[in-house]
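First chain written, first letter: the chains are A, B and C, and each begins at residue 1.
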Amino acid sequence: MSKLDLTRRQFMGVFGATAAVAGLGLVGCGGNTASTEGDEGAADAALAGSISCSGATSFQPLVEKAADAFMDANPDVSVAISAGGSGQGLSQVAEGSVQIGRSDVFAEEKLEADQVEGLVDNQVCIVGMGPIVNANVDVDDITTDQLKGIFLGQITDWSEVGGTAGAIQVIQREAGSGTRATFENAVLAGETAPDSFRPVAEVDSSGTVVEQVAATEGSISYVAFNYMENDGIKALSVDGVDPTQENVENGDFLIWAYEHMYTRSDEDEATAPVTKAFIEFMLSEDFAATVVEEGFIPMADMKVKKDVDGNITEIA
Amino acid sequence: MANLMPKRRLENIGLGITGFCVALVALVVVTLIFMVAQQGLSTFFVDGMDPVAFFTGQNWIPEQERYGALPMIVGSFAVTLLSTLFALPVAIGSAIFVVEVAPGFGRRVFQPVIELLVGIPSVVYGVLGLYVINALVKAVFGDAAPTGAGILSGALVLAIMILPTITTLSMDALRAVPNQYREGSYALGCTRWQTTWNVVLKSATPSLMTAVILGMTRAFGETLAVQMVIGGVERSMPTGLLDPASTLTAALTAGLSNAVSGSEYYHALWTLGLLLLVMSLVFIMIIHLIGRKGAKANG
Amino acid sequence: MASRSLDAHVARIDRQDKIATGVLTVIVGLVILLVVAIITYIIVRGAGRALTPGFLTNPYNDEALPGILYQLWDSFYLLLVTLVISVPISLGAAIFLVEYAPDNWVTSAAKTAIETLSSLPSIVVGMFGSLFFVVTLGWGISIIAGACALTMFNIPILVRTIQQALEDVPRSQRDAALAMGLTRWETTLNVLLPAAMPAIVTGVVLSAGRVFGEAAALIFTAGSAPARLNFGSLNFLSPTNPFNIFRPACSLAVYIWRLTSEPTAGSTEIVWGTATILLVCVLLFNVLARLLGKFLSRRLTAE
C-alpha cells in the first residue's frame, strides 16, 4: 500500500510534468521505445534501458512473469509487454517499432522472405498441444487419422471413432491463430477441409475453447497442455500416447511448437544489451522452473527439434 | 490588454483559432478516408485480386489465401435487418405511448429509463449476450444451436442496443408533429388511435425513417457486442439464423491481430474496413435523401 | 338503420382504440421491465465481487484477490487525456460553425466531415488509429494513440452539443453585446460561452460516459494487455509510470472484452464485477452531468 502514498503536492508535480511531456511528445517521438536512462558507456555496470515486447498472447503470462523477475533483478530496466497477436508482433519487430516480437509460429510462415532476413529467431520454450473433448464424450484415445477425418469434416459421428452415437461438434480456433496452425500442420498433413465444412464456432483464444467445449455436448477442439486441467473437458491421447511433457521431449507426442521471441539483428545499441539479457534470462536454468509451472517445456530438456516445415529430428 | 488590440486583429485571431479546429477535424477525416481507401484498395491494385470475386466469394479462408467477403457481408446485413425488425415495433410502440397516450409519464419516467440503456457500454451488452442470450438460445433450440452463438443471438443483442436509439428519435419525431394536426383529427370525431395511425404517424414518416436508419447504422457498425456472441465462423456462408457466422466488424476484430501489416490478408481486412466506411457513408446519404424528400413533401 | 351502423362503427373504433392502447401499454411495460431486468441482473451478478474489499485497490495480478486498480486508473487517465484533446478542438469547431461559418462549400464540407465521423463504426476508427497514430506518427501502442482514437469518436458528439448550446443562447444577448461594439470573438468569449456553459459542461460529462465505456477503438491503439503500474515511479518515460502517455494501457471496457475472449479460471467473476463497476461509473457520469448542469445554471443565473 505504501506505493500509493502520493501526497497531493507530488501528485500535482507529477501531473504538471506529464502534461509538459505530453505537449512536447505530440510532435511525434515514441517515448517508450529505445530510451535509455543510464550511461551508455558503462555497459558492464548496471543494465539500463527500456524495451517493448509485443505479439502472441499464448505465452504472454509467462513473459510477464519473466519481465517481473527480470525487472526486480535490474531496477533500471523496464520491459513493456503488450498484446496483439503473432501477426502484430512480427510486423512490429520487422518495422522496428518494438524490440521483441512474440510469435507462436515461424516468422517464415507470416512474413515475406526479405522481412525475415533481418530477424533473429530466439526459441524460448516449447508448447505442447492436444485434442480435448467434452467430458461426457466416451472416447479416450484417438488416432491421428481419425483426428484428421474429424477436422476435415469426413467423420461426423462419435460412433465412427468408437464412442456412443452422437454428432461431433467441431470447435475451431480463428483463422491465423498460431495454435491452429500448429495443430493443422501436425494433424492435417497439408490437406484442407472442404468449403462446405463448417465448425460450430471459431473462437479467439484457448480459454474460450475450454469454456465452449465444456458447455457443448459432443464437442472436440484442441488446446495447449496448460489448458487441459479444467472441469468439463478431458484430454485425449493420440495414437495411444498421452499428452505429457516427457512424451513431447522424447519425440513420441507430435503436436507441439516453439514459442519464438524474434529480435532484430541490427538492433539499436542502446537497447540491444537489455534485449539480449532478457532473452538469456528467459532461457536460463533459474527460470526453467517457472516455465514448467506455467505449462510450457523448457528448451534445455528437448531431445528432438522441429524445422520450419514441421520435420522432427533428434538433437545430435 | 486584449481591449487595446485592434478589433479587426482580434476578430482574425478568433477566426484563425476556430477555423484551425474545424480544419483539423476535416483533415483527420480526409486522412482517414484516404488511408482506409489506400489500404483497402491495395487488395485489388497491389495484390491483384478481382473485386467481383472478392465481394461475391463465398469462402473466407486466409490460410488458403482465399478471400471471399460474402459470408461477412451477409452476416452484417442479416444481423442489422433482423435486429431492426425486432426493435422497430417495440420502439415505435413505446414512442407512441409516451407521446400520444401518457406524455407526463413519458417525460418523467420513460425518458430517463430508456436513457439508461443508451449509457450501457457495448462490451457490457456483449457480456450479457455471451452469458445470458447465448444460453437462452441454446436452451430453447437445443441441438440446432449447440453453442447458442449465431446470427439470432447477435440480432437479439443488437436489437436491445438499438432500441433506445430508435425509441428516442421516434419520440422526437412524434413530438415534432404540430398539435393542430391532432386537434383537427379529433374535431372530425376520430379516436386517439385513428388520429395516431392516420395523421400523426403519416406526417412523421420521414423522421421515423431517419430514426430507423440511424438505428441500422449503429447495428451495422457495432463491433464487440456482436463479435462476442456471433460465433466467428467466416469460412463459408451461414445457412440459417441459428448458424454461427461473422460480421464485417467481428472479422476485423478477430483478424487484425493475426495479420502481418502489408500482407494480402492484412489488405483484405482493410478492404472489409473500407466496405464498412462506404456503408456508413451510404447510410448518411439515405438520411439526407429522406430529409430532402420530407422537406419537399411538407412544402 | 343508419344510426345503428354508426353505433356499430363507433363501438368498433372505440374497441380498436382500447386494444391499441392496451397493446402499447404492454409494450412500454415490457421495455421498462427489460431495462430494470438488465441493470438488476448485471448488478446482482457483479455486486458481490465489486464490493469485495480490495477489488478496486488490488492490481490484476494479485494472487489472493485479483483487482482492477490499474484498469480503473487507465480508464480515467485515458478519459482525461481524451477530454484535454477533444474539448478545445470541439469548442473551436463549434464556435466556428455557429459564429463564423461562411455559407459556402468549406462550411458544408466541414459539416459533412463531422457527420461522417459520427457515423463511423468505432472499429474503423481503431484500425485507422492503429495505422496512423501507432505506426505513421510512431507513437506505438500507447495512451496518446488511444486518446486520439477516442477523440475522433468524441468530437462529433461534443461539437453537436456545444453547437446546440451556443445556438440556444437568446438572440437578444448576442445582439446586445454586438451593439456595444464588441467583436464577434469578444462576444463569444465573454457573453456566449458563459451563458452556454451549463449546457456545455453537461454535454462534456455525458460524452465522458460514452468515452469511458468505449473499447473497440482502443484495442489496437492503446492495447489490450493489462498495464503494470508503479505509483511510486517518478520516471516519466518508464512504461510502469502511471502518467506516461507513451505506455500501453488497458481500460475497464477493454479488460472485460479481453477476459471474455481469453477466459481463465475465475475470470467470469471478475468480468461481472468489472461490468458492474463500469456500469456504475457510466450511470454516475449521467447523474453528475445533470447535477452539474443544474448547479451551474443556478449559479450563473443568480449572478
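Operating definition for what follows: a residue touches a chain if its C-beta (ideal position, glycine included) is under 8 Å from a C-beta of that chain, and two chains touch if they have at least 3 such contacts.
Being a predicted model, the structure only gives us computed values, none of them experimental.
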Handout entry: Farthest chain relative to subunit C (centres taken as mean CA coordinates)
Key = A
Problem - Interface ranked first by C-beta contact pairs - result: B-C
Exercise for the section: Indicate the whole-number Å distance between the mean C-alpha point of subunit A and the mean C-alpha point of subunit B. Expected result: 36
Problem - Chain centre separation in whole Å, for subunit C relative to subunit B (CA means) - result: 17
Completion exercise
Residues of subunit C that touch at least two other chains are 135, 220, 260-261
Fill in the blank from the handout: Among subunit A residues, those touching two or more other chains are 83-84, 95, 203-204
Handout entry: Per-residue multi-chain contacts in subunit B, two or more chains
Key = 256-257, 261
Exercise for the section: In the complex, go through subunit C and note every residue touching subunit B. Expected result: 13-14, 16-17, 20-21, 23-25, 27-28, 30-32, 34-36, 38-39, 41-42, 88-93, 95-97, 99-100, 109-110, 113-117, 119-125, 127-128, 130-132, 135, 152, 155, 159, 183-186, 188, 209-210, 212-216, 219-220, 253-254, 256-257, 260-261, 268, 271-272, 275, 278-279, 282-283, 285-286
Fill in the blank from the handout: The residues of subunit A that touch subunit C in their complex are 2-4, 6, 14-15, 17-18, 21-22, 25-26, 28-33, 35, 37, 50, 52, 54, 57, 60, 64, 68, 78-84, 95, 97-98, 203-208, 210-211, 230
Problem - Partner subunit B, residues of subunit A touching it in the complex - result: 83-88, 90-91, 94-95, 110-112, 167, 169, 171, 174-177, 181, 184, 192-193, 195-204, 212, 215-219
Handout entry: subunit B - residues contacting subunit A, complex
Key = 58-64, 143, 146-147, 149, 231-236, 243-244, 246, 254-263, 265-266
Completion exercise
As the complex stands, subunit B meets subunit C at residues 2, 7, 10-11, 13-15, 17-26, 28-33, 35-36, 39, 89-90, 93-94, 96-98, 101, 109-110, 113-117, 119-124, 126-128, 130-132, 160, 163, 167, 191-194, 196-197, 217, 220-224, 228, 249, 252-253, 256-257, 261, 270, 273, 276-277, 280-281, 283-284
